[in-house]
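Going in written order, the chains are labelled A, B, C and D, and every chain counts its residues from 1.
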Amino acid sequence: MISAAIVGGTGYTGVELIRLLSAHPEVSIDLLTSRSEAGTRADEIFPSLRGISDIVFSDLGDETLDALQKCDVVFFATPHGVAMKQAEALTQAGVKVVDLAADFRLQSLIDFETWYQQPHSCPELLKSAVYGLPEINREKLADALVVGNPGCYPTTAILGLKPIIELQNKQDTRLIEPRIVIDAKSGVSGAGRQASLALNYAETTDNFKAYGIKGHRHLPEIEQGIEQLLSSQFKHKIRFLPHLVPMIRGMFSTIHLELTTEGCAVDWQQAFETSYAEEAFIDVLPAGVYPDTRSVRASNRLRIAVHQDATRGELTVMVVQDNLVKGAAGQAIQNMNVMFGLDETLGLNAAPIVP
Amino acid sequence: MISAAIVGGTGYTGVELIRLLSAHPEVSIDLLTSRSEAGTRADEIFPSLRGISDIVFSDLGDETLDALQKCDVVFFATPHGVAMKQAEALTQAGVKVVDLAADFRLQSLIDFETWYQQPHSCPELLKSAVYGLPEINREKLADALVVGNPGCYPTTAILGLKPIIELQNKQDTRLIEPRIVIDAKSGVSGAGRQASLALNYAETTDNFKAYGIKGHRHLPEIEQGIEQLLSSQFKHKIRFLPHLVPMIRGMFSTIHLELTTEGCAVDWQQAFETSYAEEAFIDVLPAGVYPDTRSVRASNRLRIAVHQDATRGELTVMVVQDNLVKGAAGQAIQNMNVMFGLDETLGLNAAPIVP
Amino acid sequence: MISAAIVGGTGYTGVELIRLLSAHPEVSIDLLTSRSEAGTRADEIFPSLRGISDIVFSDLGDETLDALQKCDVVFFATPHGVAMKQAEALTQAGVKVVDLAADFRLQSLIDFETWYQQPHSCPELLKSAVYGLPEINREKLADALVVGNPGCYPTTAILGLKPIIELQNKQDTRLIEPRIVIDAKSGVSGAGRQASLALNYAETTDNFKAYGIKGHRHLPEIEQGIEQLLSSQFKHKIRFLPHLVPMIRGMFSTIHLELTTEGCAVDWQQAFETSYAEEAFIDVLPAGVYPDTRSVRASNRLRIAVHQDATRGELTVMVVQDNLVKGAAGQAIQNMNVMFGLDETLGLNAAPIVP
Amino acid sequence: MISAAIVGGTGYTGVELIRLLSAHPEVSIDLLTSRSEAGTRADEIFPSLRGISDIVFSDLGDETLDALQKCDVVFFATPHGVAMKQAEALTQAGVKVVDLAADFRLQSLIDFETWYQQPHSCPELLKSAVYGLPEINREKLADALVVGNPGCYPTTAILGLKPIIELQNKQDTRLIEPRIVIDAKSGVSGAGRQASLALNYAETTDNFKAYGIKGHRHLPEIEQGIEQLLSSQFKHKIRFLPHLVPMIRGMFSTIHLELTTEGCAVDWQQAFETSYAEEAFIDVLPAGVYPDTRSVRASNRLRIAVHQDATRGELTVMVVQDNLVKGAAGQAIQNMNVMFGLDETLGLNAAPIVP
């Protein structure tokens, strides 16, 4: 059994890690830390866990690090800036780290410090950290000590664009025009488990709005992901705008692309199906079938549909996922499975909940 | 024009007062106070008011009382305990007071201090305050200086029981068994406009629960209301349990009553229709028609249905209202209309919003 | 492996059966029938099943019965009146039957025919059918050929009252007054998967109402369940009113009971905990903890809280379940586990989904 | 008083017309027709109208036309294809017609017949019909006999783009690149009042999806609107994709535009404010303030925010409206006000409902 710790398990990604890891056949959650809730059973805060897990939040103070160092893997479900302070000591003790916050996502120090408004405390380790998208970095993940678990929006954007960028690389011809519009929509759980007037039921329900309009931290992460996929000379200008949907879970990213003449000649349905044929969690929907977010609710699946309008020169890619699973905790476990040489789908096979 | 002030207009009852009074043909909102938002236009906090009202929150400090004393009526949309500190000075200056909090609802000092955990600062004034249910206290309201605007649940409970109690009084015979069960359900806006984890969208949506299980402040208010209606020797034991419904506005009270043999002989549909025949805002639905909360959304109407099952000896009374209108701001304005000798429906005739 | 068939799998209980049975380690779904959808893959109708199950709806016409007779168990997720037409032939072939509709719930023919407005086609078989509440009929279920899977409301009502009735029996003293008020609330999925104006999103959302006011089919089922528990001379008058909550899944039953003097002396928290100490799916919450429906979402758990107010002589029992799982498909599988001598929790251990 | 008729008032735009016209000081609803509901009071179908309107649905058969011809104005809240069959007879009798369906929106016969799959029955009248966007066609509307009330999406798209197109015209320089992406989101009431599995609460709630992916009828209407605004040589390629949001009312259109060098030099906030300075219902939000749909709920206001990112060469226009008011019934009444020379805001001044 893999001995796992969760640091900061009082948020939605924390409880989702507990839910999923409790059913994982090769993992035992041996430590769950929280300063604010030390001494409290997790199922007191989340009664849904009654009968599922009897783990207790602990705050070991100075001894926390010692205890974490005895685990095989530590998941950080903490605010940005926490994991990077402990990652070095953990990796030196041979413990693998999966950070669900942003400390190890952006590989440019300048970008990190610009968007997260704090210096990075372990730039050397950052260099060796792997961006945790198994569908792209599976091989690197197998040897990774530190994994930066992707943001929810970047997961949809990068996986939605990957087959296009790769085909463009392969054909060495521009298939899509430079400007890419990603109009994204997320359920409210993406904003985290917090007391906030803006997230109050009566403020959020029967309402729709955009946010992060002046710039969202996931934009540089998407840009980095696309940049890394590009092996050719073609540049792209990514435009990204997130919106808040009155629903609990779910993310829908609409990617508007303009095809070049060469791009119009491609059978994109075929290209996507081929690209993801071997992926357990990526479901390219049949031509003419379009996704809705509930079709992945509570599961690690991400579904993609492509709609190609040759007459208008348009390609539309629609991507759905559960922001708390493939967009956070599920992907973290998928990364862990790869890091420990397990079957990548272990503990992640549960069906979506519909209705 | 009646010069009105609203003290503490940043909550949901506050914005509802602004919305309704802005359309009232005989009222001008001349003062709107808030400590936290002084200097801010109301429509910055509530963009829905853009183009409706250009009033600015003010905090006049020591001069606030002077300014309030120049108005004709002051609405307190504040936490419990605020109105009672200013009511005396206001009434002495001839200003009428409508308190939307609980300071002037319970006429028993002991009850007030038990349930609200604070001493009452003007017990003399409390004696002359009128409980603001126009359908019961219309005559007293005409001369009232201070009105305690009822709680939302008590409004539904008392008006749902009034025809029964009155008929029992009139017939001087017990028509219903002593125990009355009021199983009530409210939308989330009833909990106020506040940052609260329990009210977070992702905590509240697709969820249903009871609350106030160990005792809710509206119970003594309901008991007082029923007590005051009883002119006969019959006592009742009221049982009250509120629940939280994942909807913004709306309140539904289900009142379960057991009929005596004499009670089974009554035509309750007829009794209710007769009782409320002259009331502009009380709508007794035709036999066999049952209410839903949306049928009163954003309006001052309260609808009642009665279902009588002679075989089982059961009477069920179902009452719906918009908790922010007839349950709060609308009723406050209805009270004001009575207090100033205006047509009681002035400013309150807008149709419910469906869908 | 147990070979299972699902007749009529296009509704919400049908897709829930597919979801749960697909993850059951001892069951294989070998047949899925539907007239309207014959030839269609289940995952075309329910894209959430893509990658989970590749089963195809079939309509074998005259050969359907032959095919069903080759299975070990047949689940009927059909309208009322379908299972009873096939149950005899199936049981004669040694096939076990679990009917999720009402054909085998009410053991009184008169009651069945009164409430469901059709004659019963196999009254003999009805006599031997077992009411599928494992927490009550576990022993009978072990040998049952035909199981009537309980209605969702009766599951909450009967399990919420069982410890009380049983203690009353044991003490041979009336502990609660005869009249029992069950004020119940259900999410919309309980109304089934159908095109209906009343269930349209814009009609149902931000709205709350009662229904079945003139009499609901679950009332005689609750009465039968309580009757069967009563071994003493005490009678009860059950009153039941369901309401529709704007949420997808979840059921909350509030049971209002009046305690006798003897009943006031009982420690009901203790009584409930003792009663359900051995039950895997019944969770009696600690004193002072109250349930919400989401704490059981998508799981087979049913949670109960009891609140006792000795001063007022009141006992309140609050019961939550997921209407599609413990209230339907999950309970059907729990019954099947018992019928086949399997561990009762097999395939039913998944954690609730929160948020 | 203007004598008005509503043909087909059983849908959401119908009840919204009744609600709004009942409060209009210069209009009397004298006729309300429906085949399916003839003889039924409107407030039986919509109990929210109890006490607001006592009008009865009628089906006059052959005499319907006679009765309509006695009115001053007829609103058609019918499916596409109904108004065009009666419009000629009505206008010949001097009755003004406002069609809330699509019969008089598209001025190209080919476009109409392609997108609505039926021949147009009065192409001559179509030529003289006015597209009912008062902010664009106010002068023509003053003399119009037949008005095609715009689709909900086109209202947001055309009004969101108007200041840009007009400034481009004026400066005679391309300010935005040709391709315009309109990513639009609508509440469920936009799909109408109908029994439909896809609109069932349990299918729609906690879910998000795109629709009309292969082509939506509002696209040619948007293209026509933009085409008519363009006086210059510049062409645009409009891309439009609608999405369904789990909310009752509200529409949010996100318009993604790429600025040319000349376009980057424009102060777009200023340009929008200037363009709409005189419009009662168009609210250009201050710089840095962004809209949400609830800020216009149940009102005729449409709010616009512009966000300009000079560095990236991006302009984002966000437009919100209530799809049933400014997107349908409210706009129809605004058109009627103009057609009859009334104050354009008459009957349309009610504040939005928040929360």
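Following the convention adopted for this analysis, a contact is a pair of C-beta atoms (placed from the backbone, for glycine too) under 8 Å apart; a residue touches a chain by one contact, two chains touch by 3 or more.
Quantities reported herein were computed from a predicted structural model and do not represent experimental measurements.
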| item | value |
| --- | --- |
| Partner chains shared by chain A and chain C (touch criterion as defined above) | B, D |
| Fewest hops from chain B to chain C - one hop per pair of touching chains | 1 |
| Chain at maximum distance from chain C, centres defined as averaged CA atoms | D |
| Chain pair showing more contacts of the two, A-D and C-D | A-D |
| Whole-Å separation of chain centres (CA-atom averages), chain B against chain D | 37 |
| Averaged-CA centre spacing for the pair chain D and chain C, given as whole angstrom | 47 |
| Between chain D and chain A, distance of the C-alpha-averaged centres to the nearest whole Å | 39 |
| Interface hub residues of chain B, defined as touching at least two other chains | 12, 187, 189, 193, 202-203, 205-206, 246-249, 291-292, 294, 297, 355 |
| Interfacial residue positions of chain B with respect to chain A in the complex | 12, 187-189, 193-197, 199-206, 246-248 |
| Footprint of chain B on chain C - complex, ascending | 179, 181, 183, 185, 187, 202-203, 205-211, 213-214, 237, 239, 241, 243, 245-250, 252, 254, 256, 258, 290-294, 297, 307, 312, 314, 316, 318, 355 |
| In the complex with chain A, residue positions of chain C that touch it | 12, 15, 19, 22-23, 46-52, 189, 193, 205-206, 248-249, 280, 283, 285, 289, 291-292, 294-299, 301, 303, 324, 349-355 |
